[in-house]
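Here subunit A shows up in two complexes: once beside subunit B, once beside subunit C.
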Partner chain A sequence: MSKTSLPPPENLPMRLTRDTVSEGFKKRVAELSGQNPDSCYQCGNCSSGCPLACEMNILPSRMMRLVQLGQEETVLESGTIWICASCFQCTVRCPRGIDIQSVMDALRQIALDLGTDHFGPDQVTPEQAATVPQPGLVSLYRKLST
Partner chain B sequence: MVKVAYYPGCALKDRSSHLDASARDAAERLGFQLDELESWTCCGAVPPVSRERVMNLVASSRILKNTRDSGRDLLVTICDFCYNTLKRTNHRIRKDEITRRRINTYLAQEKPERDYIEETASPWTDYAGEVRVMHLMEYLRDVTGYDEMRKRLSRPLEGLKLAPYYGCVMLRPENEIGLDDPEDPSIIEGFIEALGARVVNYPYRTECCGSYLSVSDPDVSTRLSYKILSSAAGKGADAVILSCPLCFHNLDSRQEAISRVFPGFKPIPVFYFTQLLSLAMGGDRDRQGFSRHHVDVSGVVDSIFAEKERQ
Partner chain C sequence: MKRIGVFVCHCGINIASTVDVQKVAEEVGKMPGVVFATDYIYMCSDPGQALVREKIREENLDAVIVAACSPNLHESTFRTAAGEAGLNPWQLEIANIREQCSWVHSDREKATEKAIRIVKAMVEKTRLNESLDPISVPITRKALVIGGGIAGIQAALDIADAGYEVILVEKEPSIGGHMAQLSETFPTLDCSQCILTPKMVAVGKHGNIELMTYSTVEEISGYVGNFTVKIRRKAAYVDWSICTGCGQCTEVCPAKVPSSFDRNFSTHGAVYVPFPQAVPNKPVIDREHCIHFKTGKCGLCEKTCEIGAIRFDQEDQVFRREVGAVVVAAGYDTLPLSELKEYGAGRVPDVIDGLAFERLLSASGPTNGEIRRPSDGKVPKEVVFVQCAGSRDPERHKPYCSKICCMYTTKHALLYRHRVHDGQPYIFYIDIRTGGKGYEEFYHRAEEDEGIIYLRGKVAKIFRDGAETVVWGTDTLTGKNVEIRADLVVLATAVIPRKSTARLVRKLHIQAGPNGFLAEAHPKLRPVESINSGFYLAGAAQGPKDIPESVAQAGGAACKVISLFSRNRLEQDPAVAWVDEDLCGGCRICISVCPYDARKFDEEKGIAVVNEALCEGCGSCVAACACGATQQKNLTDVQIKNMITASLGGK
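Let's turn to the complex of A and B:
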């Protein structure tokens, strides 16, 4: 799993120029997810409720901000999109009504469409293949591979 | 006996077949039959995020359309994943005309050949979300009724302290599922009380167990499951009760790994809601598949039978 993180504090504030902002990215995320990333006002409710937050290198609320700022590379290289378990806790708690889980789904889809599966059937151990109930395997393939 | 259209789903038909058996047994004791659909496929486990990927909704739509075409307007499932997928597919078909038209275009192409030959074949009608999808727990609450269940108890689970575990997909996203309050649900609590048992309150009942991460990142799932189980046990629960085959797998079979990572962790039995329902309605303990559990449940099951004998 890639461990890209935010630029170290000494590099902040981030340089936002035509070269570092991908305008098309935010639009694509909005199109796929049906959500408006600009609605997010950074309250942090999603990050405080997320059961996987402590496993993430970039918190959900920061992911939202990075999407607003068109930081495509940082977002798609983060481990966050692959550790999100799609539990909808963030979606339920967002005071702005953003379906953040769908934004995560959209980010996964954009990353997968670039051509690399994050996790494929060949990585499932024989023991897992024989014991994990099908919903676990099918949802895993659907979320983490093309 | 009333027949209710029933979609078991892959897990309940295969590696969790003991849970399917307990559900059928419990339903018959309550006066209705879970009538399995004549033919069905995997529902797809998760609906796709975007409108563009309508292909991923075809399997679940076909299941719903076949249910309608067989003359039934209610479909019951006992797996949270299937429930979530079928219900959200239905929701999209009802709310989004473009999705509805695109899905029906796919479905119309696979119209069975005999329909063209037989004169009696009914004309094609687009599937527009006519079927109502219900979780068995929802059926028990809204159709059978918890009061009626209480009246039919032959082996009340008195004295048993149960921690309800909801997980994620049974309740969320609430605007498409609408089963209960996503933050403060009460459907499993009502179910526990209807069986005569006591509810244990603890803070992690709607927290995720890691879902499919138990395959891709097992250690993460171990940590999440530990939080849930140790919290329930810490509040005095004798067992955890839940309604999702994947949560069942994670919370039951992960306990060995949890014990290795967190010394001092005491294993706690996990039950599928249908198993306790069947037992409370007088079901046989040998037909619940308890031997397939990773954590020994005999202590709790013995106490259920001992309680009955004492009365």
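Let's turn to the complex of A and C:
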């Protein structure tokens, strides 16, 4: 009889300290985006208006929340920042006037600084290369790779 | 036979959509003696009332039935209208066909039949109604205010400023209440003592206020306008009439007593003034801790006092006072930490409650306003605030919202941040409730600009791990659990009524709700009155309240008292109990069941009589009376029997 082992825990409690909730990652996001993440009061309007929310594993409003609590790893590992189309729906809807799209930009910047490209020539099929307008491909390179 | 008029109200569609009002008027109009019956869309409107007046005169009516809403709403409206038309107001009755019929039924035919019977029953009652005159009683224009917190202070000042005398009774040695313990007040951050102490001084100096601190109400008897109270003043063992308040006795006293004012963070002597701004600024001796009372020795205070104000032989004094109205402002308490087992039951070091944190913040507090944790005096860098500690928890603690905690916890976190710049406050909450002027803005300032971390979730457990205090909570906004190793934890414990409030309720014969807070006469329309005439409510004894609300309610209660005192005599409803002296056997059952002390035994006549001024007309004694000697005016046994017959479709 083979022994089954439990999978590694996936939902460990967040250990919050004054560094995680005010220094480091959170400060860097605020600097890069020019936005105060603490302004967000979690109404959820950004998420409910996001046209790509259905594709995201973490909704924009929860991304804001995770930034407030300095949860760098969870935020950067999330696919959300790469799925975001930068359509500004969230920014124009935010009742607190937060430019959430700039926060997403800042998060992508931090992720790219860590040296991982999320888009490259190998991901473009010959068919796409022939049909997608060139400015579109260029902006994808600029947004999703270093 | 009486000439009776019946007016059936549509109440817009409230009655008319379920009850065929024309048919009701038609059917009742067939009863003998009913000389006029009609329906009308809004009886309570001016034209509706005018119709009643007009028909009383035209048809020469002896009695009137208005079939409409509950008598609670418009009985007095229509009785006044009847009086204006020359009819004795007690010849008018309301038949309730809205709350007791149209609102609770949907079958139109059956509802109409029921409405007809309700009105017919009222016609039968009214046939035997006597014309009554209101009971007129004199009034003592002096108020008693119980409780010297901000609510009691405000009520006393407002009544006294209107020119009436006030007795303010406070059980502590000084007035000021909980507000005197607070540091700053939300959302303006005014210094609490700075705005309170001028009012305390004003009370102490007011020519119309007799201040009785260290005193409690022992007993009250009488009725609105005419109460007699017995007030017990505890022996202070200091003759306040000669004491200058120099404070030398308090300095020499060698005893060490934990200061309840400072939430036990500091000590004072057995002879003490609770805080420097106390009013009156006179010391009392705590007999339990005084070395002289325990051993017969010491007496240092007595030796120090040059004018001889220390009086170890002083005894409690009982005063009798006549008053016309009572404002109950008995204040609140907070749930003891020992009740909160999941949060360490008060045994985990550095887990304190909100009032204790107020003392740490207070410039005149035990740490002079420096935030130092009680266990080792260190400045805490990670501070966790836990809201709803015992509130909104019907299973284990209190079901209600304590209302003030969202705001005071935000204030605590903000003031902490101002004192400890590199410190991090966290607030665990279920909901943030900021329903007050400037409150939402204050909360956003805390969240947005002050770096306070709000975590949406209830804390499950607080425990000790080695030298650390661990807080286990959750943040439902991220869907993740949270663990914080805290240097200090502040619990926003539930606001509860004082233990003494229950005793006071019994003494005053007023009511309390299921959670022990004082009950108002109507939750919306009579929020500052008790159901019992002459008693008014102010402050958190009636329910959790912040300072502006307490002050507003106190002002409201004071206005009610002033309005009462502005009358020459009081008029009371004469539909009270009455005794047939020939029938009464003197068994005294009525005396034992009367909740208002209105029944007394007349030794000379050997019967139980009714004090009409005290009687509220509740009918308890009428029901209890074995021989039918006690009858309620205009609701006699014969009337009730006739009503039952009519209700069952008879006659």
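Operating definition for what follows: the second predicted complex is superposed on the first by the 125 of 146 C-alpha atoms of A that agree within 3 Å, B and C clash if a C-alpha of one lies under 4 Å from a C-alpha of the other, contacts with A are read in each partner's own complex, and residues count from 1 in each chain.
We take it that a contact is a pair of C-beta atoms (placed from the backbone, for glycine too) under 8 Å apart; a residue touches a chain by one contact, two chains touch by 3 or more.
This one's a predicted model, so the numbers in the text were calculated from it and none came from an experiment.
Peer 1: Who does A:Leu52 touch here: subunit B (first), subunit C (second), both, or neither?
Peer 2: first
Peer 1: Have a look and say if subunit B or subunit C is in touch with more residues of subunit A.
Peer 2: B
Peer 1: Using the superposition on chain A described above, determine whether A:Val29 touches subunit B (first), subunit C (second), both, or neither.
Peer 2: After superposing on A, A:Val29 lies clear of both subunit B and subunit C.
Peer 1: Is A:Ile83 contacted by the first partner subunit B, the second partner subunit C, both or neither?
Peer 2: The first partner, subunit B, only.
Peer 1: Determine where on subunit A the residues touched by subunit B overlap those touched by subunit C, and list them.
Peer 2: Shared contact residues on subunit A: none.
Peer 1: What residues of subunit A sit close enough to touch subunit C in their complex?
Peer 2: Within the complex, subunit A contacts subunit C at residues 11-18, 21-22, 36, 38-39, 41-42, 62, 65-66, 68-69, 71, 74.
Peer 1: Show which residues of subunit C lie in contact with subunit A when the two form their complex.
Peer 2: 381-382, 422-424, 426, 444, 447-449, 451, 453, 455-456, 472, 475, 477-485
Peer 1: Can you list the residues on subunit B that touch subunit A in the complex?
Peer 2: Within the complex, subunit B touches subunit A at residues 9-11, 14-16, 42, 44-46, 48-53, 56, 79, 81-82, 167-169, 172-174, 182-183, 206-208, 210-217, 220, 224, 244-246, 248-249, 253.
Peer 1: Across the complex, what residues on subunit A touch subunit B?
Peer 2: Listed in rising order, the residues are 31-34, 51-52, 55, 82-83, 85-89, 91-93, 99, 101-102, 105-106, 109, 118-119, 123-124, 128, 131-140, 142-144.
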